[in-house]
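See the structures that follow.
The same chain A turns up in both complexes below, where it pairs with chain B and then with chain C.
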Partner chain A sequence: MLKGLMFLCVLCSSVEQKIYVVLNETVPCVRLLNATHQIGCQSSISGDTGVLHVLETESDLDWILSSGPHPPYMVIMETAFFNRSVMMRMKNSSRVAGVAVIISKTGLADNFSPHTTCPNQNTGVYSESYGSDLANCNGTVWNPLGNGLSYEDFSFPVFALKDENQTQVLRKCYEDHNQRVNGSAPQYPLCAMQLFSHMHAVTDTVTCMRRTDLQNRFSINPEVLCDPLSDFNVWTSTRPLNNSAKGHAADESVVIAATRLDGRSFFWEQAPAAEGTVSGIVTLLATIQALYPVTQEAPPPRNIFFSFFQGEAFDYIGSSKMVYDMEKNDFVIDMNNVHSMLEIGQVGLRSGRSLWMHSDPVSRQNKSVDTEVSEEEGKLSLFSHALSRSQPLPPSSFQRFLRARRIPGLVLADHNTSFTNRYYESMYDDAENLNVTYPPGLTPDEQLVYETDAAKSLAEVATLVARSLYLQAGGEEKNLNNITADPKIVSHMTSTNTHTHTLTLTLSLSLSLSPSLSLSLSHTHRHMTSSHTPPVTRFVQYILANLTGTVTNLTESQCQNPSELSTENKDLFSYFWVSGPASVNGTREPFCVRASVRLSKAVSPAFELLEYGSRNYSTWTESRWKSIRARIFLVASRELEVMHILIKNLIVSMIFILIYNNACLSYFTPKRQNKLYTAFFFFLHI
Partner chain B sequence: MTVAVFFGCTFIAFGPAVALFVFTIARDPLRVIFLIAGAFFWLVSLLLSSLVWFITVQISNKNSATQQTGLLIFGVVLSVLLQEAFRYGYYRLLKKANEGLLALSQEDTMPISIRQLAYVSGLGFGFMSGAFSVVNILSDSLGPGTVGIHGDSQHYFISSAFMTLAIILLHMFWGVVFFESCERQRWWGLGAVVISHLVVSCVSFVNPHYQGSLIPTYIILSVMAAWAYLCAGGSLRNLKLCLTCKDKDFLLANHRPR
Partner chain C sequence: MITIIPISLQQSCRVAVLFCLGRWQQCCSILISSVGYLCMDLSRVFFTGNSTMNLERMPNEEKLSLCRRYYLGGFAFLPFLWLVNVLWFFKEAFLKPAYTEQPQIKSYIKKSALGLILWVAVLTTWITIFQHFRARWGEVGDYLSFTIPLGTA
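Take a look at the complex of A and B:
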């Protein structure tokens, strides 16, 4: 019996396991669409198969693109070859079935930014009608090292290989079967890989949303093809604002302190964004930690509004939504309440300990705005430098506020003209890029509290920002000395796991909604449908609650329904049921925290207005998909397949001829049924 | 390994059996019924043997390799014995059914002889056995990959197909020999069938040395083919006349009128 063909193991009786090796960790590149284009990668619906070839040298490139005898090839690309020229050549070739990029630091070029040279150039403040000589980076090219790979459309799948063990499996398969011996072609059977990443959406957002709407209206089982990028902004204020009173807030003059919450890279959900985003988040959180106690003891006349905007990489989703709500009187404050704005951009790589203040030259042509901005600059001028009047603003959320109204504001950054970040919006913008280093021999617990140089630098920036915000809000100078950011908290927040080089936000309190204490900031840019919020939004929310909230003695049910109590006000505060720190014997005592931290929806106004082809707002959507996976196996030559068919035909023909023509066996069948059997006979020859 | 291999292996495995079915069984509904009943009997025997095997595996030590191999051998032997037992059971059932059919039919002669029943039931057993052997493998052959990434032989699919072909034909011959032996009360014939079935099943344990399993199987196939031919009333003279189509008396006598 063929049971004997099973191996000794009882459970792995599947033939499939003999043929395929499934790769568990897959990091794909997915398809995104906006009003006019589609970007990203796509595979065919039944996966793309190709013979493996490792791209290590130039001769390998020639082999893949022209001379190799077994196209199409599945390219295993070494880090050094992942650049624009090679990828464009792959894109234009029909012999490439897909690419798997090895992500490692060995062979990494000096710079790599897959973003464009001029981020968000169409949705910023500079346009034909406003500062036309500064629009489209005519004034300053912000990301000159950008190669624009993230914004290209590839018709083959591109995966990232982050797991070293898995890469080793692929290399071994390649070396065993596919390696060239003395320049001659390798023999069958060859090692091949199949990548599945079929995306449902095509062309652009308008097409995709139209098809989705049709599905929702007419289909019994509607199939959504793409989702708008959406998530939440996090905001808080030093004086609580009444959340149910929308529109203009009476007697409130607000100073906005903002930063962005997201990042992106070429691959899906891989965005460490250490210098690009985390530096700003950590600085603003440390600012709040420094500023909050003083604002409660000696409140300044103006309110300070802290805001973390989500989705800024994709044409300012979060900030455009907040501005839209403010203009529509659908937010707790409106544009008339805003006094000025200070935004924290990329502040992690301060060489020479200098910081730069960017302002908008066009709005400063107005005298009153100019005076305000100069005042603001003065408050920040401890060790930061003002910039020339002809320099435009870098890509920042402040640009969206300027589009609505010319308010005075500044953007703080560690770069003068173009970014100092050589890995802007890429997978390599991690802790190493931020120079977070620990002396050797520290345990992870010691690393948590060790004050790295990067932490100290960010703490200095936070102190500066906090003090100037206090002054900007009208506070008295005598309280300034009490405002200092604690480097310990900053290093707490930027402790690095040296094995994986990801930046983690850690909390001293553990929270009831998150299972683990530390979480990586890798997926910061958006989330799919309504189901879950990416960790970073939640964590910033909870850290803010920790820093600015007060502990109450409400019970769990009271915490969830505080409106029943007269002392608590659900309009002014949010209430969080927190599980508390782990005590010595492992038990936790949960309690209720009251804080004025809120989330506000960050989805582009284009989707509320149903203007899917809008030029004013972000129209980015992400395609949906069914399965993303990868597997490797051996493929046999065409000759073997042909042999199968020949043998089959031979055997069947012999039998048929024997039986059919044999007169003595007409004992069984009359000869008159010729036609039927002839037809059957020919059918079997297909 | 793509559609070519799928069709290739399917027709290698089932081609002759399907040809036999189409030309000799499909016209007569009675034969079709007995074929399907035979397939069902084989299925029941498989169900019982797999039940026993499943229970023994659950109560055994899953980590011990020798125990699992032993269990596998035990399972194979048990399955073979159960199949032959069910073949005998089917024989008894058919004997009884034949008497009943004779009573019901309006003709004086039996509508179907016990020899034909032997052939038909053997083919039924063969079809079902072949299906269970090879369908799983065929479905995996449709994908783009072939066996070998863990070091196994590349000829897995085609040797499975040939093995299945042999098994189906063997079941047919065993059916003929078995029923003949039961009719003539020649118990050593029964024993020979059981033993050859055991040998064919156990020789598959030498896989992946496919020569070691296929060659003995095909030798036994040819031996059983010759024996079945002799049981069915053939002889060397008949064979020569048949192949050269010279036996006119035979043809005239047996040509069915339309």
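Take a look at the complex of A and C:
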């Protein structure tokens, strides 16, 4: 009997495998909420099913939206059709069950940016009270090619198809069953796809956080509906700062060098952001590599504070948190310590031309601020051009610092009025967009050390930034020639190989890197599947430890508890236990690195202040979900399904009547009440 | 980030009232359905002493007392008792030849039916309003709800 049951179970799983083909590589679009709106995509709780149709031509679009006889359709969208007009028509139609977008370079338009035309317009420094003629991009439209798709709310699931083999499976299913023959409609059975991406949160952050709190207080089985976007900023300084002494640091005048750490796109955790973010990160890391040795030998009077801000795409999460901490005296320095600021924006597409220095015209109306900024520009003026006094700042972390105090500062970028990046915050902003190209015939290892043009360009920018930071910190000009960024380091970091590499740097510290530097804001809840690439925060933290740290001879337990030793200072440094370089026979010798690299929490102050509807701070949260998957199968027509159900019900009721009439009547005395109750309970339980 | 919100006394009173109102709705519905069933079975055992309900063999005084008990019990927010009352004693009250206790049973049945119709009307109205407007009520709707559906407003 048991064996029979086991046999049945084996049979039943293989029947499921015969019906459904599960798609493994799924890249969904998820729902995000802020104080007033929800954006992203939602599916129904038991998935959205639709008949497959490949959208290749205009006639396909008409078929899907009006003339096709088997709605709703699950659209397989070619790259060329993924634009605002087509997606809006799909959104307004009731015949579309979902969209799967083919992500490839064939058919890609000249530009595609799903971000808005004016990034972060409500949380920057320009508002009604500060530079009102420059607010809301009245002065300059920074992202004119933006179509705003990432900020629309879709009621059907949208998935991305990145795996070419999987796309082939879908196309084959479509060609075998769903293709139109001689203009007539295809016949059942048809190939259908079901997408599951049910999001728990609705309406906006205020509602979602209220419901989460209600669940936690009163429900037996609490469910969290959404999480605030949070991660860590990475910071370091040329002179170590005492991490336990918060508030104003005595006798410290600090020059801040900043850049952003994150990117985003329409889909979840897909953000190559090569020109948008990686160019800035790599430049700042190379700057630190160039500057650090000289600042140890001939230290300038001012301290230089390097900071990588996380979450800048979502209304400046990281920078607003750091400014908030500084104002609350909850950080190692405060606003009085800050002398000036230099931010590195998008610097990758320079192509031999100069860089542009953006400054804020409103704060420069003040004479003292104006002279300081002009001085800063003078130090950078070797390779870069100053801009007209009427142009506002581009979207940058420096805007949040300006909101708190009018400090002198500059933002370096490769664009004058609007972005040169034609794929800003999209999946196509990858190494190819940065023009990282290798000559043919190189092995992956050779590609890792080859100095591409892009690497050389970024290294030049890094050298410029390093030298001007040194001068800005009050260093002497005679040391400037020793400050040069190494293009090899830059080419390591921008390598585009797809295999995991063991990178051996000059300080014999080895890191394993998965080199497609996919940037995303990582989250703190456990049920979401972890992304396959290492979080960029860790990557930057360890590279900084490598570049600025010293190797010590502490043991592992000493490394984890350095306060026990009198020579080590946990307040000034952090200690990392790292695996060493792979030696010839494959073994590694781990050791302890001491560096002044720290992480600081990057979560919006709105969540600390519990102002979920805040207008001043970022209120972005991401919804939770249970499962995200996709599968394809063949469907029969509606009439056939209905007929099957009716026949099944008929057979079951006939069997019941037969059994009742034969068995029950002979064993029980007929009482009207009994029959009534039995019938009542029977129908209840159905 | 799950934190208990520290709220003011006035707001917490409001929350408590709305919460209790919401829970009372749930209690009522659970009570109505479960006690209704329970009474149907238990009353047989309790009142008649045997487990099968057989109204034909009961003396008329017992029928009247049973009817009265069910009628009175229905006032404790248990409209199911009234429904059972109507179903059991309808034939007794209106379709059997007259006997002494029948007018009283008739009056009880009529009153039970009236009460039942009132309950059905009130519940239907409230349920319709709640289901339609819960999302629009925002905070109040959330506090009145026992389980809030995921993913839809």
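We take it that the second predicted complex is superposed on the first by the 589 of 686 C-alpha atoms of A that agree within 3 Å, B and C clash if a C-alpha of one lies under 4 Å from a C-alpha of the other, contacts with A are read in each partner's own complex, and residues count from 1 in each chain.
The rule we apply is simple: a contact is a pair of C-beta atoms (placed from the backbone, for glycine too) under 8 Å apart; a residue touches a chain by one contact, two chains touch by 3 or more.
What you see is a predicted model, and the numbers here were worked out from it, not measured in a lab.
Trainee: Regarding the shared-chain residue A:Glu312, is it in contact with chain B (first), chain C (second), both, or neither?
Mentor: Neither partner.
Trainee: Looking only at contacts as defined up top, I'd like to know whether chain B or chain C touches more of chain A.
Mentor: B
Trainee: Going by the contact rule set out at the top, does A:Thr49 touch chain B (first), chain C (second), both, or neither?
Mentor: In the superposition, A:Thr49 touches chain B alone.
Trainee: Is A:Leu214 touching the first partner chain B, the second partner chain C, both, or neither of them?
Mentor: second
Trainee: Considering only touches as defined above, state whether A:Ile19 meets chain B (first), chain C (second), both or neither.
Mentor: first
Trainee: With both complexes overlaid on chain A, does A:Val635 touch chain B (first), chain C (second), both or neither?
Mentor: first
Trainee: With the two complexes superposed on chain A, say which partner A:Cys173 touches: chain B (first), chain C (second), both, or neither.
Mentor: first
Trainee: Go through the superposed model and pick first if A:Ile655 touches only chain B, second if only chain C, both, or neither.
Mentor: First partner only.
Trainee: Residue by residue on chain A, keep only those touching chain B in one complex and chain C in the other, then list them.
Mentor: Chain A residues touching both partners: 673.
Trainee: Residues of chain A touching chain B in their complex?
Mentor: So the residues of chain A in touch with chain B come to 1-6, 8-11, 14-16, 18-21, 49, 173, 189, 191-192, 194, 631-636, 640-642, 644-645, 647-649, 651-652, 655-656, 659-660, 662-670, 672-673, 677, 680, 684, 686.
Trainee: What residues on chain B touch chain A, complex-wise?
Mentor: By the definition above, chain B touches chain A via 1-2, 4-5, 7-9, 11-12, 15-16, 19-20, 22-24, 27, 57, 62, 65, 68-69, 71-72, 75-76, 79-80, 133-134, 136-137, 140, 143-150, 152, 154, 156-158, 160, 163-165, 167, 201-202, 204-205, 207, 213, 241-243, 245, 247, 250-251, 254-256, 258.
Trainee: Sort out for me which residues of chain C touch chain A in the complex.
Mentor: Listed in rising order, the residues of chain C that touch chain A are 1-5, 19, 52-55, 138-139, 142-143, 147-148, 150-153.
Trainee: If you look only at chain A, which of its residues touch chain C in the complex?
Mentor: Touch residues, chain A against chain C: 42, 45, 198-203, 207, 210-219, 223-225, 227-228, 230, 603, 607, 610, 671, 673-674.
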